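Each chain gets a letter, A, B, C, D and E, in the order it is written, and its residues are counted from 1.
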Amino acid sequence: MSALVVDTVSLSFGGLKAVDGLSFSVEKGEIFTIIGPNGAGKSTVFNLICRIYTPSHGDIRLDGRSLLDAKPHQVVQRGIARTFQNIELFEHASLLDNLLIGRFRHGRFAPLSELLFLPSQRRQELAHRRRAEEVVEFLDLEAHRHARVADLPYGVRKKVELARALVSEPKVLLLDEPSSGLTAEETDDTAFAIQDIRDNLGITVVMIEHDMKLVGKVSDRVLAINEGRFLATGTVGEVQADPSVQAAYLGAAA
Amino acid sequence: MELLTIADVLQLLLVGLSQGCLYSLIAIGLVLVYKATEQVNFAQGEFMMMGAFVGYQFIVLMGLPYWLGVGLTLIVMGAFGYGIDALVVRRLTGQPVFTVFILTLALGIALRAVAGMIWGFGNYTLPAPIPGNLKIGPVVMAWSSILAILLTALISVGLYAFFRFSRHGAAMLALSQNQLAAFYMGIPVKRLTSVIWAMSAVFGACAGLLLAPITLVSTSMGFIGFKAFAGAIVGGFGSIPGAVAGCLLIGVTEPFFDIAFPTMKGIGAYLVMFAVLLIRPQGLLAQIHAKKV
Amino acid sequence: MSDVLTLSNVETMYGRVMAIRGVSLKVTEGSIVTIMGSNGAGKTTILKTISGALDPFKGRIAFERAEIAGLDPDVVARRGIAHSPEGREVFPLLSVRDNLMMGAYTRRDRDEVARDMEKVLGWFPVLRDFLEKSAIYLSGGQQQMVALGRAFMQRPRLMLLDEPSLGLSPRLIQEIFAIICRMNGDEGVTMLLVEQNANVALPVSDFGYVLETGRIVMEGPRDVLLASDDIREFYLGIKGEAARGDRRWKVKKTWR
Amino acid sequence: QTQGVSDDKIVLGTFTDLSGPLAVWGVPEQKGMRMRVEEINADGGINGRMLELVVEDTQYQVPRAMQAANKLLRRDKVFAMVGSLGTPENLAVMPQLMEANVPSLFPMTAAVEMVEPLSPLKYAFFRSYPEQFRAATAYFHDNGGFKTPCVAQIANEAGESMAAGVHEQLEVYGMKVAATTEHSATETDMVSSVTTLKNAGCDIVFLAGSVKDTILIVLTSRKLGFDPIFVTGMVPYMDAVAGAGEGAMDGLYLVSPFVYVDVASAEGKSKEIVEAYEAKYSEKMAPQAQLGYIFIDMVKTALEKVGPEVTVEKFTAALEGMTDYVDPIGGQHVSFGPEDHQGVETLILARVEGGKWTVAARGLDY
Amino acid sequence: MRVLFRKSYLQDIRLFRDGVQAAWYGGFLALALSAPLWLDGYFLDELALVYIYAIAGLGLMILTGFSGQVSFGQAAFVAIGAYAHTILMGRYGLPFVLSLPATALVAGLAGAAVGRVCSRMHGLYLAIATLSVAIVTERLLGGGGAFTGGHRGLPVPEMTILGLAMDDSWKTYLVNLTLFTGAILLTRNLLRTRSGRALIAVRDSEVSARALGVNVAFFKTWAFFLSAAFAGVAGAMLAHAFYYVTPEVFGMNESIRLLLMVVVGGLGTIHGAVFGAFFIVLLPTVLSLIKVWLPAAIAQSGGFDSLIFGLILLVFILFEPDGLYGRWQKVHHFFSVFPMYKKRGFQRQKTFLKTERLR
């Protein structure tokens, strides 16, 4: 069964149709990439999935259940975590605290136990911390563990966001341009990380990416869109070969 | 209790209108600074108070002709506003707006004390710009209130045009939205900011001079600034038409609230504001926008 | 040809952290120079120090032979340096048109400004549809176009571009670099680029620097750099025979 | 050894408002007090002891008054508190004074609680706010009468107790207040309050308020052509009120337990003092300064009676025995007794005429 | 310089960073506990007042410093606490030990109500909305008739804890110290657990917070609840310190003073609330102590106190926008690297603002 289904979804801003009857589905355990020119509506699709916007038409389903009845803060409970194109971190908190907030969904509101820091709380905190540490190690963030996020360079912040999404242990991970601002070498590392996320953790990955080298390396399937509408889908090779994709997106020397 | 007569209602409406215009004059100063720099000047009420006292100094204590006194007051207050920014506020460039907010709070305390030490803590009378009242049937309106209404209208239109059509107006909007980028564009951020503070002090002084005949000159007259704040918030902080609309709304509803609840006079403005915010948490003309992610 | 910009021994600190540790570099007139380096190497910091957004702790920065270190950024901008910053930094609530016009804030030549505006809209035709739209509602790539256009509207003699290709589609990246070359060639604007995407940046540059943890570790004309194995591997992502190929060289991370 | 009394000095304390809404009272009061202290010390003190006066600024805020009192009591170890200003402030501080066995002398408020319940440590100068307003009510009821009495009250303790006086006295006549408005101290516009009063058809308005609000209400009423009798208590008794609005305040009545002596009308000893004050501070001696001067003078008189060995008990006994004090400025008779801890027994009616306060009647009561 | 080696995750989780820090705090506590032995009643009372304000400050710190909601209405909750406590004890005869928690609950619920209603407001809007809550509360308390004692207010019953009369400075001092220590512990615990982090998330990015599952409105309300509960307890203790509650005690001025307090102390740190309380409470005292040395013409002029107060605040915010705690950290840094201290090594780099009109 498909993990995530986007079913003829539409959304317009004023007169602009940002997403226009778009459908696609992502299989479980797949790495699925969305490409398309700037302003094609890719980030908007993510925002629709995360319930920041409500589609004017269509449905979005996760494991067969519609997401449209979830409030924005309930989306992560259903198992979807994401990163943002422009980085939305908790700037004044340390990297670790950012990750621990990422663990938010694995806990309950227990005011008394929290305020009194009962032993059960201590155990929970330790468990969260251990989880966070694993991700820190996984993404090589050890050096910055206690740094204030606002002081980190762009590329590292990008990784922190990925880490924060990862600690919430989602079923589906949405990555908005994970490699932007990284050098070739770092992009390679990211590619391996994404593969590991899928292979070892069984997380389904949906990503938006402009770096075709990375796309080619990791994606199982690619969807190209333009002006909110479907353009092409298939393997990287197939999509790259599609003339409309070449014209709209890749340009001459692709 | 008797019912209000039509004349009473008219009278209260007019009073509310002119009071609302006075709030607007203060609020415009506030909003101007916010719109152009995103700083919040909690001492705007004290700027107004200083303006009234400086006018009192020139007109009453030194006995200068009224309009000469007014001219000098506006000049002095302009310099004062410029100086406050250049010497004090500018040092916090780049600090969170909240810090500036708190700074101006402290500034207000200091200004009240300074004014008291110079002019005393009493209540002083300053003549009205145009003495006397306009009487239309049973309704009375002070000429200075009419002046306040005209001035408010003039200033709002002027500022609208300024932000809309002038290069510097646009630059001020830009610098409030992204200081670094504004610097990169070669916009003289610091100088423009000081100019804005000067402008807002001048508007504050206008309000002070107009308010003085109504409420007397005293160190505590700046507290009216809170209501101007409420008005500006109702309108959507940062929008000049919004501020005027909000202040008029508050000014006009206030007297009726007071009549309905004569023992709760003074809190109507805040209740109106609260009610508006409940329905529109960003005020009537929202200035807060959803972030695109 | 003379040096437009010279940095000698510049050090920049954030609080107690030294981000730039004695950098010297030169940009000759009419050239395109690229700074490469991994994350956190200090590339952004160098550009910010040049344009006055950061004060250097030590060292001298000369633009057209005049010292500019420690000046306010607006003064530096009026001297003729435009900076297209990392993270776009558009004026979010101004319309696209006003954003572009802000670039021309210091200019008085209305006709020229109008002509430049047309030029920018010609380069980025999508922007024409959004002229009256607030910049905040643009997509990431569209904002990047605004930032570049705005810097160009300043008509600078030296342009500092911080990752101009960030978030742009492959087609636009090619176009942008074509535009950069054109600005450089036709308008004679000197360029100092910071770019992760060295694949596109290096070939169009005349000279390159490589920055590691705040120090310059390698410099040379384009051809020398393009021939260097290290550069090829780490910045161009071209794997040589001896290098790691498509196999990962890091131990595979597992958790759970 | 008694607190605040050493071989060569006696320490007195006061907290007052030097920069808040009632600084118009506090600043001159403080000056008058200091002037008398300096005179006494220049004359060689009291039985060889100098007076020392410690003044704290409360800005008319209770928390600051609490801190000020704590300092005066514990650090400066004052012998007595004299002329401390503000109703809520004094109310809050009183228990501390009692506990520390420090007399509360002539607080600058006419709240009833300054004498009640009777305590050997509490002495008031003024007749209370309710008494002032009862007397005012009685006076106008008996002289001309009224039909629709109204109250414009400030939203604080003082205003409430002033209004209470009106209510009590009206009850005697079987009447009721026709309309009440309540405003806060920072109010800038009184049109709505005045409209309410006007619509209620008030023919007398009791202004249970403070300084600025009193001026504003009267001025606004004049503007709107509303012309009832306006009567207020002692708080607005100052030149600034009489002179406001260039004659517009004329006709305002005020009931006060003390007399304001203008330098023009002063004579003899009183004239000397007023002139000395003017010379010293180069400003007119406001009634509040006169009160401050009198307060210290009364303390001095009592201390002289006590003799060289000063204790609280002896001092309060001397005060209770002080039945024949005449204030050196207004010439008012002040007397205390074991059951009577309120100094001034009379009330006067003052009226604004030609922008100046004049005494319209004496010996008001109810 | 002391370098911290972390050997276990617990080190980041437990109360103190390391033994040295624990020893410091232990020392402070011992010092505070023994204060009645070497301080006279005056200073004990002043210190007790510092503790009370610090409790209110901690509450405001949770709200403003951690959850990022600026409140100008804290005094309203202090007032509600003071009145609730006085009425519960005086009218309903609840013993202190029951009345105090009940007061915290009452004030907390009032706070939660305000928080819930205001949860869609931000920044300045929230600040002014809460300011109006403070203004209206003051007036309503004044107009509350017999129930609140009107403008005259209510006398506060004696403090007796489990039959012991707290009739001495040192006794009330110890009670306040205990509550203060408790408040610090609770705040610290809050911050090292899930909901504390949720508050920080809400402050720094609502979008992200939501994406990670934080119910923003709920946690804003929760912050209001906690902060008002703290304020309520502070109010109850203030009532005891003042013997008398009147609406004037808790006016707008007090709200502003509380906000100034946490800002001057250093927003966003627990230490900040404590430093701020020391500053705000002791400054007037210090001022009147030094006034003795100043020429009479200056010291006796009305307004001098507020002028100096305003100026000190001004200078502080100008030169130490991070507050007293920020200054302390710099001093601390200076000593810990003493011979190598570079003056500009702590240089404040230029910073630039971006609009906060985007949410």
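As a convention for this text, a contact is a pair of C-beta atoms (placed from the backbone, for glycine too) under 8 Å apart; a residue touches a chain by one contact, two chains touch by 3 or more.
Everything numeric in this text was worked out from a predicted model, so none of it was measured.
Peer 1: If you drop chain C from consideration, which chains still connect to each other through contacts?
Peer 2: Minus chain C, contact groups: still one piece.
Peer 1: Can you figure out the chain closest to the middle, judged by Cα centres?
Peer 2: E
Peer 1: Based on C-beta pairs in contact, work out which chain pair has the most and send it over.
Peer 2: B-E
Peer 1: Would you mind checking which chain's C-alpha centre is most distant from the centre of chain C?
Peer 2: Comparing chain centres, D lies farthest from chain C.
Peer 1: Report back the single chain whose CA centre is most distant from the CA centre of chain B.
Peer 2: Farthest from chain B by mean C-alpha position: A.
Peer 1: Roughly how many whole angstrom separate the Cα centroids of chain C and chain E?
Peer 2: Chain centres of chain C and chain E, defined by C-alpha means, are spaced 47 Å apart.
Peer 1: Based only on mean CA positions, could you tell me how far chain A sits from chain C in angstrom?
Peer 2: 28
Peer 1: Where the centres are mean C-alpha positions, what is the separation of chain B from chain E, in Å?
Peer 2: Distance between chain centres: 31 Å.
Peer 1: Specify, in ascending order, the residues of chain D that touch 2 or more different other chains.
Peer 2: Within chain D, residues 19, 23, 27, 155, 182, 184 contact more than one other chain.
Peer 1: For chain A, give me the residues that contact two or more of the other chains.
Peer 2: Only 43, 52, 84-86, 88 qualify.
Peer 1: Among all residues of chain C, which ones touch two or more of the remaining chains?
Peer 2: 14, 53, 92-93, 136-137
Peer 1: Okay, what are all the chain pairs that touch?
Peer 2: All chain pairs meeting the touch criterion are A-B, A-C, A-E, B-C, B-D, B-E, C-E, D-E.
Peer 1: So in the complex, the part of chain C that touches chain B is made up of which residues?
Peer 2: Against chain B, the touching part of chain C is residues 51-53, 72-74, 77-78, 82-83, 85, 89-94, 98, 101-103, 105-106, 134, 136-137, 150-151, 154.
Peer 1: Name, in rising order, each residue of chain D that touches chain E in their complex.
Peer 2: 18-19, 23, 26-27, 30, 34, 55-57, 59, 61-64, 66-68, 70-71, 73-75, 88, 91-92, 94-96, 155-157, 159-161, 182, 184
Peer 1: Which of the residues in chain C come into contact with chain A in the complex?
Peer 2: Its residues touching chain A are 14, 17, 36-41, 44, 86-87, 126, 137-142, 144-145, 163, 166-175, 196, 198-199, 233-237, 246, 248, 250, 252-256.
Peer 1: Residue numbers of chain B touching chain D in their complex, please.
Peer 2: On the chain B side, the touching residues are 1-2, 4, 8, 11-12, 15, 19, 112-113, 116, 120-125, 133, 140, 142, 211, 214-216, 218-221, 223-224, 254-259, 262-266.
Peer 1: Which of the residues in chain A end up touching chain C in this complex?
Peer 2: Chain A reaches chain C through residues 13, 35-40, 42-43, 85-86, 134-135, 137-138, 151-156, 177, 180-189, 192-193, 196, 200-201, 210, 212-213, 217, 248-254.
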